[in-house]
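There are two complexes below, and they share chain A, which is joined by chain B in the first and by chain C in the second.
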Partner chain A sequence: MSREKSFHVLRTTVALIIAMLAAFAVIFMVSDTPIESIRLFILGPFSKPRYIGNIINTAIPLIFSGLSMAVVFQASQFNMGAEGIFYFSGAVISLIAIWVPLPVGVHQVVIILAAAVIGALIMLIPGYLKAKYGASELVTSLMMNSILLGLGSYLMTRVLQDPMASNGSYPYLDTAKIPVIIPAFKVHYGLFIALLCVAAVSVFLYKTKWGYEIRMVGINAKFASYSGINIVKTIIIAHLVSGAIAGIGGSVESIAMHTRFEWNGLPGYGFTGALIAMLANNNPVSVIYAALFVAYLSTGADIVARLSDVPAEMSTILQSLIILLIASERFLHSFKQRWMERGIAK
Partner chain B sequence: MEYLLRMENVSKIYGNGIVANKDVSFSLKQGEIHALVGENGAGKTTLMKILFGMEKPSSGKLYLRDKELDINSSNDAIKHGIGMVHQHFMLLDSFTVAQNITLGIEPANHHFVDENAAVAFTEQLSRQYNFAVDPRAVTGTLPVGIKQKIEILKALARGAKILILDEPTAVLTPQETEQLFEELVKLKKQGYTIVFISHKIKEIKAISDRVTIMRAGCSEGVFNTSEISEQEISNKIVGWKIDTSIHKKEHAFGEARISVTNLSYYGGEKVPILQDINFQVKSGMIMGIAGVQGNGQVELAEILTKSRRVESGSVKINQSDIQSMTIKEMREKGFGYIPEDRQRQGVALTAAVNENLISNKYDTEKFCNKGILKKKKISEYARQMIAEYSVKCSGENGRIDGLSGGNMQKVVVARECMEETKVLIAEQPTRGVDIGAAHIIHQNIVKLRDNGGAVLLFSADMAELIKLSDVLAVMYEGRFVAYYENLSEITEEELGLYMLGIKKQDESQIRRMCYE
Partner chain C sequence: MRELLNIIFTAQFLHSVFRVTTPILFASLGAVIANRAGVANIALEGIMLISAFFGVFGSAATGSALGGFLIALLSGLICSGILALFTLYYRANVILGGIAINSLASGGTVFLLYLFTGDKGSSTSVASKTLPEIAIPVLKDIPFLGDILSGQNVMTYLAFIMILVVAVFLGKTTLGYHIRAVGENLKAAESVGINVKLTQTIALLLSGLLCACGGAFMSMGYLSSFTRDMVSGRGWIAVAAEAIGRSNPIGTAAASIAFGFFNAIATAASTVGWASSLVQTIPYVSTLIGLFAFSYKEYLKLKKR
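Moving on to the complex of A and B:
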């Protein structure tokens, strides 16, 4: 591994350790039994098969959102639209899951493909506006999130809402659901879909000409355009792929973890996805590890919240801290300098 | 106190791992002109940036009058009487001369900037040092020679006693250079100490008292200029003897590959940036474009490479109008371009060497099948190019930002000078590149020409232009003012006169010659 790469790993690790230490500090402040709480936080997630399954199930949507973000980030596009797409694709495919009777297998495939198309089409809007007119994709995608939330709520209250349920849509048909693999762990088959997406994105980014174009545009758009790469087309492709993955993520999460549509607001996967992509340095395979780690943290935080006197918000604080540390370019800069110097002195 | 200033065992390693200085010692005597000489990339500028507080040394010490100095910023350096004039001027184009000179030290009148005092101050300064400048002129409209004077005055206004000039003659014509030298000698007589960074040996012999020679980040020693010959300096700079002669095949030129007709360009200005340009570059021909920076060369190159629009007139590459083509279509017709700014346009810095080598051909049949890249073919090709151009790198998968400037440029040239390349636009192809790399680049440009390619060469290096070009045009204020079909009759002095606009050839004659 090159020193440059080792440095990224090192910086990520140090950021994570600092964030953990900060979490411990918070626990010490709010908890009457801090040692016990910390033990629960660190070891709790591994104490029962159900908890381990929970880590994996929590990681699955994060893998989708992390991948979705990694693709646009690779093209240097800071699009936060995955958030809205997760929610909205979940709402739209509920129509199919509730009212379109299809045989098992076909039903799930239709739902997932429909979600991919919806996600891609939605992303096309900020993508096209950016590529063609230079409108900031960060702003348009955040605005789109609000619009999608509004549209989703409208769909929910006017169409999906089950008058018998307190807060949710009509139940999904049994044929639409994604089943659990091993009952003890409760891990569902969405895991395989997520891993398949990781493999597909890996191949797409590193082995195809479109991936090459996306990466070159991301590294240096001036260089890409001078080389003859069509920037408009490339930015749009990156957005389409990213949107499709986010759409798939939203649908898989809906039909695997829920029996009806019950999101009342944006689920937050998109923003966590940005964190995951950053932790993974936008590498699709590393997204898996980053997602598992964040899932582990939030499972730990949940357990602590349930079994001790520490609030669940701690997990949010932790995540924000990690983003902050990873995102600060200059973090550990002087250390990097010395580390490089030593590498050369050898 | 023999020395005014000493730098002892200074080393500098950059974050990307490049060793810019290694154990360099450097000293200045009061009132001398000290030349700091070496190839591009030998570490001259870095050493001076350390002295001027722009870079922190990784190790080593600085002494001013035998007292240890701790310089953390340029402000510290200025406080100690050290001033620097950078190769790229640090002037605000929209400001007047007086505003630029008093920037940051503006004379104030009740917290408001006192413009009149600034002008008076500038006038007094220009009288004191005998530098004729108009304090009220807008800086952007002035020629580079004057801008340089402003930079020097700026440093003097801030109390500089030690003046560092980074390649001051690079942008000047021979006449302007001569004038600068006279002024430097006057400053020296007034007790100023001057560091003169250059890689031109003739100039060093002409102006300096002592010379420190640098090579590959190390000092090769300090010498009294009168006691060392030009040949000795040259050998120490390169470290070995190098044959940089170029042999061009004698042949007749073929059909026109680049045709520019009645090209004028305003780019939103009232004054034309390019006016009525006509020329043809034929198969097997290298056409050189000379001119002082800022006379329309950059705009011409940008129009030919589609970063600027054709406003009036026409540009044809291989008989097709470039307005109706995308860059991709031009490239498919064998169009190559070595851009002036390799870091910003020529490479993708954090991508691998092989990825940088294929950016103009990654989707050809050779490297791509139904959208899937042929990794093996790409690696093979990259290794072949690395060997052919002797690119020093850790391997084809290593990141290109780990390479030195010269090796990075070799990658750019290797990518652009393919067998399929029929038209090449080369902008400053060897700027900031060491002699060895420059030679390889020259050889390959000539090889392209020998195989029937048409090359348009923009360069600020007159020796390079004269060495490579078959025909040569001089640009001044957006026009061609001279055209040579036979380069053996050119002298640098005469070129200088055309570049400054003092001499002009007959326009209709130029037009006839370069568009027959």
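Moving on to the complex of A and C:
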């Protein structure tokens, strides 16, 4: 491992430790039984097979959103649209999952492919506006999120809503569901789809021409342009791939974890995806570990919230802090200088 | 449609345009100052949310609206100070720093709300104060015009006064001149002895103060309590308004008012029975279209060259 890379690992670790210490400090301030709360937060997620399964199941959508963000981040595009796409693709594929009878296997594949297309098409809007006209993809994608939420809830109230269910669509057909692998852990087959996507994105980014172009544009757009890369095309491709992954994520989450469409608002995966992509340094394989780690944190926070007295939003606070630290170039900078110099001196 | 048009031409509707423009205007002016100094403040949304929260709890703790307002300002200042610390001194990517502050605000306010009230939705159980509405003498007696312009919240007047204040500040004061110099050419500003980092920090802090005004208005004027994620995208709309207004206070204000108008339309349309889930998207759709139109125009200009 190069010194540059091992420094990244070290820095990430230190940031995580600091964030954890901050979390402990918060727990000490707000909890009546701080020691017990911290114990639950750290060890709770491993205390039952169900919780371990919960970590993995929580990590699955995070792998998708982390991958989705990693692709746009690689092209230096700050697009937060994964959030809206997760929600909206979940709503639209519910139409297929509820009303289109198809044989098992085919049904899931149709749903996932449809979701990928929906996600890619949605991402085309901010992608095209940015690539061609320079409209800030950050702002347009956030506006799109709110618009998609409105469209999705319109679809829900007008079409999907089951009058017999208090708050949910008509139930999905059994042929559409993604089954559980091991009952004790409740982990579902979506895990394999997620890992497949990781492999596909790795190959795409590191072994194909388009992937190479995306990374070059991300490193230095001007230079990439001078060396003959079509920037408009490349930025659009990055957006399309990112949207497709987010769409797949939304559909997998819907048909694996839910028996009907029941999201009332944006599920929050977009932001967490940004965090995961950063933790993973935008590397697809590292996204898996980052997603597992964040899933562990949020499972821990959920357990503390349920069994003790610390609100689950603690994990959001923790995540924001981690982002701030990792995004800071100067964090541990002087240490880096010495570390690199020693590497060169050798 | 007829019903909607009938509503739009009432004094009450035009009155509401000013009201809903207020938070967007504050935040977009905040964006102007930061951007002129060359730092894109995209934490507007989060800073507004945090100050909305502290306005409510500050006013409940001090028992006065003014106390709440000052505490809201302080919280906005601290928030933008943290942003400045990380982006300017620790060199965090401005956008990622902003994203972190926004999510910290979203999660942190719900966290604190739950600790203080046991509720994760709103602060209605807290006895908080609101900022006063002001009837303007003479003006209030003029028919129609009086109904529109008088009786607005004090923050609405402040927001519109701020357009001029920011314009004069940037155009005529030494600090404003420094801010523009730093934003236009960092190296050149440095070479004539301007402290770049300090200037940018001040710009971010001022930007935070303006956002705090918007936030305080949200929870102590627009509504009379804090509700979860109550800023709901206004900070982002402000970012778009600032871009469309090309960082010019007057232009930005015009764009903010346009977005405020669409916000007010959304509210009016839902009262005449249009599907609320679709109507709620009007402000965002208008922002998206506005941003597109602006970028397209810029693109054509660039192409001509």
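As a convention for this text, the second predicted complex is superposed on the first by the 344 of 346 C-alpha atoms of A that agree within 3 Å, B and C clash if a C-alpha of one lies under 4 Å from a C-alpha of the other, contacts with A are read in each partner's own complex, and residues count from 1 in each chain.
Throughout what follows, a residue touches a chain if its C-beta (ideal position, glycine included) is under 8 Å from a C-beta of that chain, and two chains touch if they have at least 3 such contacts.
Just so you know, these numbers come straight off a predicted model, no measurement behind them.
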Partner chain(s) touched by A:Ser227 [first = chain B, second = chain C, both, neither]: first
Chain touching more of chain A, residue-wise (chain B, chain C): C
Which of chain B and chain C A:Thr157 touches, first, second, both or neither: second
Partner chain in contact with A:Phe271 - chain B first, chain C second, else both or neither: second
Which of chain B and chain C A:Ser166 touches, first, second, both or neither: neither
First, second, both or neither for A:Leu142, with chain B first and chain C second: second
Which of chain B and chain C A:Pro311 touches, first, second, both or neither: second
Partner chain in contact with A:Met216 - chain B first, chain C second, else both or neither: first
Touching both chain C and chain B, counted on chain A across the two superposed complexes: 333
Chain A-facing residues of chain B, complex: 13-17, 19, 58, 305, 307, 326-328, 330-332, 337, 339, 344-351, 355, 359-360, 362-363, 368, 371-373, 375, 398-399
Chain C-facing residues of chain A, complex: 30, 78, 80, 129, 132-136, 138-140, 142-144, 146-147, 149-151, 153-154, 156-158, 271, 274, 278, 311, 313-317, 319-321, 323-324, 327-331, 333
Residues of chain C defined as touching chain A within the complex: 42, 86, 89-93, 95-97, 99-101, 103-104, 106-108, 110-111, 114-115, 120, 232-233, 236-237, 239-240, 243, 275, 277-278, 280-281, 284-285, 287-288, 291-292, 294-296, 298-299
Chain B-facing residues of chain A, complex: 2-4, 207-210, 212, 215-216, 219-220, 222-230, 333, 336-337, 340-341, 343-344
